[in-house]
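The structure is given below, and queries will be raised subsequently.
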C-alpha cells in the first residue's frame, strides 16, 4: 500500500543506508538490538522466576545481563570509533511498529556517537550500581523484584537512547518513568514512598503530555518521526520552519518548546522538579542510577538529539538556557540548608541538570552532554557513598545526626570526597572540565546574566558540597550512640563500585581536554549541531575564566569549611540562620513550592472533582433523570385511579370509544 | 458455509442444549456454556484467518429476504472495523463465563442469559440491515436486564431500570430515524430497503440529515456513554455482577461508538460535519470530566466506570477526527478498552469475592498479601493509562495524532487526558496495593487461583501483543477505515456546492500531499488558503490519502 | 318465500337474543341463546352454507351450550334477586341511545357504503356441482392447511389450560 | 333474493344486543353468553359476505372463529369455576382484581 508521496522521498534516503549495510556483510549494527535485549531477558527471568531462585542466581542474572550489555556496548563503541567520522551512523530496523494511513513508525535502533556515549554511561554506571545493589539490598525480602525492576529500567533507558525515531524514544521515555515509579515505590509499604512514586509519575506525565504534543507537531510538519528524515528535511525546510506560524513563533519553536516541556518533567527542572526530591524515598542505588546518572539526563539527551531543530529555534534555546540557569541556582540554594543526606544530593542533581540545560541552551550541545557524562560518574558516586553511610548507620539519613565517620569508613569517606570535589568543579576532577566549559560557553555566547547565575551557582555548589562532606564525615559523631561502635565500611560489592566510580570521577574529564576541542567533542561533532555564536571561541579568555570559576567554587568550599569545621566559626551558621530567619525559613521549606502545588493545584482540583461528582453528576444530571421518573410516577398515580377494576366500566368505555370512532368514520369526514 | 450466521447463532444453539440439562447438574451446565462460547471463539478465529487484506468492503456477506414486502433483509457482513469487535466479543465471553464459575443462584438461567447476550452483541456488529441491527441492538438489552436485575447488587432494580430506560429513550428515536431513512429512500424511488450498503448512497437533504443524525447520535451517545448521558454507567457497573460489568464495559459500550462509525457517519455525512464540533466537544469534556470525577470515587467499580467515560471520550474524539489515524486508533482503542477495562472489572470482581467490599478505603498493602493479583492489577492499570509498550498507548496515540492533525486545539486539550488518567489510576493503585496493610481482614487474603489466572493471562498476552506489535490489527482495519472516510468525503462533495468546487478542493489536496505532508502549522504560504478549509470543515483529513481513495472509487465504479 | 323464511329466522334470532339479555335466570338465558343459534343455523342454510349450519348446531347448541348448562347447574346459580339491568331510567335511556347510535351507524353509515369487490370462483353453480362440503374441505385443506393445523394447537392449549384451572389444588 | 344489507343489519343488531348484555349484566355466565352472541353475529357476517362474494374464505374463517370460541369457552368456564370456588360468587361487581 502506498502512503502518500512524501514516503517516496525518504525512501531514497533509507535505501542509501541499507546499501551500506549490505556492502559490509556482517556488521556490528546487526548487534545493536542485543544491548537492550539482555536487560530485558534479565527482567523476564527475575520477575517470573526470581522468587524461586536463590539470591546468588538472581544477582548473577541481573548483573550478568548488565555486564554483557556493557560488553556489547563497548564493542559497538570501538566499532564506531574505527569508522570514518561521517560513517558513524548505524541504523537497524527491527520491525514496523505502527503503520496506518499516513503514519508509520518503526522499532528501529540508531547507533551514532551520541547514543554510543549514552549506552556506555547507562550500561557502565548501571553495571556498577547493579553490583553495588547486591550488597546494599542484600537483606531485602524483595531482592529479585528489585533486580528485575533495575533490569527493566536499563532496558527502557537503552531503548530511549538507541531509538531511531521519536516515538520509540517516547516508549523508553515513559518506560523509564514507569521503572522510576516502581523503584521509588519499591518499599511500597511506606506511605511516603508510595506517594512519592505516584507524584513522580504524575508530574512526569505533565511533561510527557507536552512531549506528545511535540511529537504530533513534528509529524504534522515533517510527516515522519524518524530522526534522519526529520533532520534531513529540517535543513531543506529552513525557511518554512522558521517563518512565524502561530502566536508569533515559528513552527520549529513550537516543536522544540513542546519537546522541552517533556524534558522539564523528566529532568526535573523548574517548575516540574518537585518529584525528584521526594523520589529519594526509593532505595539509594535507585537514586544513584535513575535519579542521578541516567533517567533524569534523558531530557538533556533528547534536546541534544534534537539539536538540528533547536538550532533553528533561538527562542527555544533561550528558554532552555534560562530554565536551566534558574533551576541551577534555585536548587543550589535549597541544597544549602537541607539536612537529609540524599535530599541534598537530589537538589544538587537538579542544580547540575540545570547546568546541562544551560549548556545546551547556549548552543554548546557537546558541553551539555559532556557534563551529563561526567555528572553520571560523580553523582552516582555521591549517591552510592551516601548509600553506604545510610547502610552503615542503619537507615539514618539526617546529616545533623552524623559526623566523624571518616575514621570508621575510610573508603567511603575518601571516595565521597572525590565525588564532592568533582561536583564542586575543582581542578582536575571531572566536574571541573565540564562545568567550566558550560560557563565559558555561556560567557562566550554573550549570555552574561546566565553566566553570572551559573557562577553564583558554582559558589553555592562548593558550599553545600563542603557542608555535606564536613557534616557527614568530619567533626564528632552526633548520632545514635548505640550504633556508634559498629560503624564500618561497606562490603566489597559496595566498596569496589565506589572505588571504580571515584577513579572515573577523576579521569572522566580528561577526554574533554582541551575544552571544546577534546576527543569527546570531536567524537560527538558529527551528531550535534553547534549553536552559532558559541563557536566563535575567544580562547584567550579560557584560562582566566577557568581560574575564576575555580576560585569561586573554592571560596564556596572555604566558607563551608569555616562554617562547619573551623572551631572558631562553630556558631556562625546558627547565628546567620537566626539573623536571616525569614529567608532561611523560606529556603528551608524549599520556597514552599510543594505547598503551593498542594494548595493551588491538587487541593482545588480535588474539591472541584468532588463537586462535579456530587454537585453535577449526582445532583444535576441524575437529578433531572430521576425527576423525570418521579414526574412519570406522579402522573401514573393519578391515571391509575381510572382503573376501577370493574369490568363494566371498561366495556362502557370501549363502547363509547367505538361509537365515537365509527361516528367519525361515517359522518366525520 | 454461512460462517457469520454460524458465529452469531452458535450461542443460541448452546442455549437450547443448556435448556434440556437438569438444573441440578451445575457442572454440566457450566461446562456446556463454556464449551459453547469457546467453540464460538474458535469458529470466529476463522474470520481472522480468512479475512482478506486490503479489502474495505464487507466480507463473508450473507443475505436472505426476511420481510420482503418492507425490504427488510437478513444481511450479515464483516469488515475491518467490525472484525475485531466480533473477535473481542467471542474472546471475552468465554473468559467471563469462566470467571462466573462461582455463581450460586440460578446458574442455568445465568448461563443462558450470557449466551443470548453474546448472540445479541455479535449480531449488532455483523448486521448490515438497519432493522436487523435494531433487533440485535435492543435484543442485547434483555439478557443484560436479567443479568443485572437478578444477579446484581443491592440496588440492582434501580440500576436496571435506569439502564434500560436510558438506552430505550435513545434507541426509540433511532428506530424512528431508521424508518425515516428507509422511507426517504423509498420515496426517492429506490424501492423499500433497509440495506445499509444501499442506503449509504441515498441522498438525504442536509436539513433532514440534521434531525436523523441527531436521533442516531442520541442513541449512540447514551450507549457510549458520552457526557452528559453517562450517569447510568457508574450505577449500573456498581450493581452489575462481574461478568455483566465486563461485557458491559468490554463490548456493550462499543456498540455506541461502533454505531457512530458504521451508521451515523456514512448515512449522514453532512450532518456529521455539522455536529462535529459539538460531539468532539462533548467527547473532550467527557475525557476530562470522567477522569476528574474518577479521582474522587470511593468505589473501585465506579472509578473504573468513570474511567470508561474518559476512555470512550477518546474513542469518539478519534472517530470524529475523520482521518485514517484517528478512526483506526479509535477502532483499536475500542478493543484495547475492552481488554483493559474488562480485565480491571474481572480483577475487581476477584478481590470482591474474597473481601466482599469494593471500597478503596477497605484495602491497602495488597501488594504484599496477594502479589500475583497485584502484579496483574498494576499491569492492567498501566495498560489502561496508555503506557507505551502496552495496548492502550497505540490506540490513544493514534487518536490524539489524528485529532491533532485536523484540530490542534482539541488535540491539546485531549492530551491532558493522559495526565489525569495517570493521576486517578495511580492514586487508586497506591491506596489499594501500596502502603501498609491497614485492615486485618486483608492480611489473610488468598492469591489468585489457577482458574482466575487462566482467565486473565489471555487478556494480558493480548495487552502486550497489541502494545508491541499492533500491525496485524492495523493492517486488517486499514482498508475499511479508508472506506468510511472516502464514503463521508464523497457524499460530502456530492452535496456541497457543486462539482467545480469539489474538483478544486480535491486538486488542492492532491497537490498538497505531493509537495509534502500538509501541516497544521501551515508552513508554506502556498497552502495558506487550505488551512482554513481543513481546520473548519474536517475535510482535511479526508483527502489525506488520495491514491487510496481514488483506487477505492474506481473499484466501486467497476462494480 | 325466501324473504319470509329470512324474516322468520331473523325475528326469532333477534327476539331470542333480547330475551337472553333480559332473563334473570341463567338457565333461561342459556335456553334463549340456544334458540338464537337455531335461528342462525336457519339463516346459514338460506345462505347456502349447509356445512356451516350443521357444524354450528353441533358445536354451539350441542357442545358449548351444554357446557354452559352444566356449569350453571354445577354452580347451582339462582336467578338474580335484583333487576337484571342495573341502571335507573336515565341510565337506561343513555344506554339505549348509545346502542341505537351504534346500530344507526352500522346500518346507515357503513351498510350503504359497502361495495363488493371482485368476486371469487365459487358461485352457486360451482357449489352445486362440487358440493358444499367438498368445496369447503378442498379450500380448507389446501390453502388454509397450516392455519388449520395450528388451530389444533389452540384446542390443545385450551384443554390443558382448562384442566390446570379447574383442578382443585390441595390446600 | 334477500340482499346483503338485511343480513348485515341483523348481524349488527345481534352484536349490539351482545354488547348491551356484556355492559349491563352482572352474572359472569350471562356476560359470557353475550360474548358468544357477538361472535356469532360476526360469523353471520362472514357467511353472508362469503355468499355474495362467491368465495369460501368466509366459511373457513367461521371455522376458525368457532374453534377459538370453543377454546375460549372452555378456558373461560374453567376460570369462572375457579373464581366461584374462591370467591363464592359470579357477580362481576364483586370481583375487581384489575383495580389499579
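Per-chain numbering from 1; labels A, B, C and D assigned in written order.
In this section, contacts are C-beta pairs under 8 Å (C-beta built on N, C-alpha and C of every residue); 3 or more make two chains touch, one makes a residue touch a chain.
From a predicted model like this one, the values you see are computed outputs, not experimental measurements.
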| item | value |
| --- | --- |
| Pair joined by the larger number of C-beta contacts - A-D, A-B | A-B |
| Most centrally placed chain - per-chain CA mean versus overall CA mean | B |
| Between subunit D and subunit A, distance of the C-alpha-averaged centres to the nearest whole Å | 89 |
| Centroid distance [mean C-alpha coordinates] between subunit B and subunit A, Å | 36 |
| Separation of mean Cα positions, subunit C and subunit A [Å, integer] | 94 |
| Whole-Å gap separating subunit B and subunit C, where each centre is the average of the chain's CA atoms | 59 |
| Numbers and ranges of subunit A residues touching at least 2 other chains | 655 |
| Sites on subunit D at which at least two other chains make contact | 19, 23-24, 26 |
| Those chain pairs that satisfy the touch definition | A-B, A-C, A-D, C-D |
| Of subunit D, residues touching subunit A in the complex | 19, 22-24, 26, 31, 92-93, 96-100 |
| Of subunit A, residues touching subunit B in the complex | 1-6, 95-103, 167, 170-171, 173-175, 178, 181, 185, 188-191, 193-195, 197-198, 201-202, 205-206, 208-209, 212-213, 215-217, 219-223, 233, 237, 240-241, 243, 245-246, 251, 254, 605-606, 608-610, 612-613, 617-618, 621-622, 625, 629 |
| Sites on subunit A touched by subunit D in the complex | 640-648, 650-652, 655 |
| Residues of subunit D touching subunit C in the complex | 1-2, 4-10, 12-14, 16-21, 23-27, 29-30, 32-34, 36-37, 40, 43-44, 47-48, 50-57, 59-60, 62-64, 66-75, 77-82, 84-85, 90 |
| Sites on subunit B touched by subunit A in the complex | 54, 161-162, 165-166, 228, 230-232, 234, 289, 292-293, 295-297, 323-325, 328-329, 365, 367-368, 382, 387-389, 393-394, 397-398, 400-401, 404-405, 408, 411-412, 415-416, 418-419, 422-423, 426-427, 429-430, 433-436, 468-471, 474-475, 477-478, 481-482, 513-514, 516-525, 544-545, 547-548 |
